[in-house]
Amino acid sequence: MSFLRGGSSAPSGGVNIDKIELAVTELDTVTDFFNRMVQSCHSKCISTRYAEGDLNKGESVCIDRCVAKFNDVQKKVGEKLQSRGAANAASGAGGGFSPI
Amino acid sequence: MDFSNFNGAEQAHMTKVIEKRQMQDFLRLYSNLVEKCFNTCCNDFTSKALSSKEETCIMNCTEKFIKHSERVGARFAEQNAENMNQGGS
Amino acid sequence: MSFLRGGSSAPSGGVNIDKIELAVTELDTVTDFFNRMVQSCHSKCISTRYAEGDLNKGESVCIDRCVAKFNDVQKKVGEKLQSRGAANAASGAGGGFSPI
Amino acid sequence: MDFSNFNGAEQAHMTKVIEKRQMQDFLRLYSNLVEKCFNTCCNDFTSKALSSKEETCIMNCTEKFIKHSERVGARFAEQNAENMNQGGS
Amino acid sequence: MSFLRGGSSAPSGGVNIDKIELAVTELDTVTDFFNRMVQSCHSKCISTRYAEGDLNKGESVCIDRCVAKFNDVQKKVGEKLQSRGAANAASGAGGGFSPI
Amino acid sequence: MDFSNFNGAEQAHMTKVIEKRQMQDFLRLYSNLVEKCFNTCCNDFTSKALSSKEETCIMNCTEKFIKHSERVGARFAEQNAENMNQGGS
């Protein structure tokens, strides 16, 4: 999430509120991605018969590949959004993804 | 949204809130896109690399979802403007 | 969302916290509706084959109609809830939609 | 929920929190209803107007969901009262 | 949710922030469970034909049993999580359910 | 997450935030598990008691979901470490 970090200068003492807010946003974003990855890979890899409580070999291998692919998708989509965002900023348009 | 009866301090406060919400909206759009396009496009886990077919699907899914959101946003804004004119506060 | 607005008087200077909170609630409610509209109309109108990145003619027309219908449904459901809410308030019952 | 060990200031604070949550719960109920009933009842996009069949479906869906929520709420409250009596704190 | 309650001592006057935060967390958790119960039992018990606005006899009975079962599942899963949490705490491991 | 450029007060603040988030994450895991395992395992509402078959399913579902989350968490941490080394800040 390095694109979240701006260039704001931090004072040497006390608490920089902007820095904290950014860190909390980053934390929440990573957690949100992780939770969605858990849900997506669960529906892709885990059988719902629940005959036993352990992951079998096929499920374990599937999870590893699923995490790698999900991570790749995150990068590809991020690049796409950044290139569009840059284009919008250059043209002066606001983006238009949300109603506000 | 009509903030015309807000004083300067209140408008400044709302501007900060709106900026924060726009950041959150963007991040939610991002993670929604990843989840939705991954779920639709990735169905083969015999390899850990994205196939070129999957990658094309992801790019089209992202592009299309953004255009979809923009179109919904444009229509939504028109509806809201109409609703206002029909005499809602 | 005009029913969110109460009749509280605003002071001429400083920040009226209640007014701000109400505006934030209104903002979040509109955003929530918008996001659900985007999701619903996506699943109603957009083909998941993703052979291309542009909206085709059929999808575009479907989106326009979908937004209009969603907006109508929002009004109908809102009227229904308000009439029930008024009935509950008159009978002194709390509503009972939630456990608190 | 048991707030008997709260002092006056704490109870006043919780009352404000609960009121705010009830408002949020109502608004979430509202948007949930719109989404759920729209998704179930509206499947024809050859027109932008709600058909009378769709409108009847929306009204019944809303009515039924509210009655469903109320019934779940009543049973849930009974369960919680039972759980309390079985010696949970 | 009695396991949420720790053993912190409350001062006799003023507002104990920790106590308030805990109560708010408990409130939000109960509300979250209730909302999921409403959604789950709706999809298990309610016909989506919507030929009428009243709950019929079969739906009403189904709801009552659904709430009882959901409540049982909540207890079983809670016991399982607590026994695992205790095991993790004893072994010094952090839990590992989330990325932070 | 890299907090090395945080001063003492800022690190203390983040520690409190992280502890609160971990509590919330645990509670969300709990309610997710209940919802997911209930939806998958309970499909018979001719009785209000959990059958032994349903109970076994619930226990396996819970166990398996936790092991799944732990494995995803381990791989995710490795990926993030790799991403860092590839020169992202």
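The chains carry the letters A, B, C, D, E and F, assigned in the order they are written, with residues numbered from 1 in each.
The criterion applied here is as follows: a contact is a pair of C-beta atoms (placed from the backbone, for glycine too) under 8 Å apart; a residue touches a chain by one contact, two chains touch by 3 or more.
Heads up on the chains, UniProt names are A, B, C, D, E, F = Mitochondrial import inner membrane translocase subunit.
It should be emphasised that the depicted structure is a prediction, and the values quoted were computed from it without experimental measurement.
A.B. asks: Give me the fewest steps it takes to get from chain C to chain D if each step has to go to a chain it touches.
C.D. replies: The least step count works out to 1.
A.B. asks: Farthest chain from chain F, comparing Cα centres?
C.D. replies: C
A.B. asks: Can you give the whole-Å distance between the Cα centres of chain D and chain F?
C.D. replies: Roughly 26 Å, centre to centre.
A.B. asks: Could you put a whole-Å number on the gap between the CA centroids of chain B and chain C?
C.D. replies: 15
A.B. asks: Two or more other chains touching the same residue: where does that happen in chain F?
C.D. replies: Chain F, residues with two or more chain partners: 1, 18, 21, 25, 28, 41, 59, 62-63, 69, 73, 76.
A.B. asks: On chain C, where are the residues touching two or more other chains?
C.D. replies: Where chain C meets two or more other chains at a single residue, that happens at 27, 30-31, 34, 45, 64, 68, 98-100.
A.B. asks: Would you mind writing out the residues of chain E in touch with chain D in their complex?
C.D. replies: My answer: residues 2, 5, 10, 12-16, 19-20, 23-24, 26-28, 30-31, 34-35, 37-38, 41-42, 45-46, 48, 50-55, 59-60, 63-64, 66-68, 71.
A.B. asks: For chain A, which residues count as touching chain B in their complex?
C.D. replies: Counting only chain A, the residues touching chain B are 25, 29, 32-33, 36, 39-40, 43-45, 61-62, 64-66, 68-70, 72-74, 76-78, 80-81, 84, 95-100.
A.B. asks: Which of the residues in chain D come into contact with chain E in the complex?
C.D. replies: 1, 3, 5-7, 9-10, 13-14, 17-18, 21, 25, 28, 40-41, 56-57, 59-65, 67-69, 71-73, 75-76, 79, 83, 88-89
A.B. asks: Which residues of chain B touch chain A in their complex?
C.D. replies: Chain B residues touching chain A: 1, 18, 21-31, 33-35, 37-39, 41-43, 45-50, 54-55, 58-59, 62-63, 66, 69-70, 73-74, 76-77, 80.
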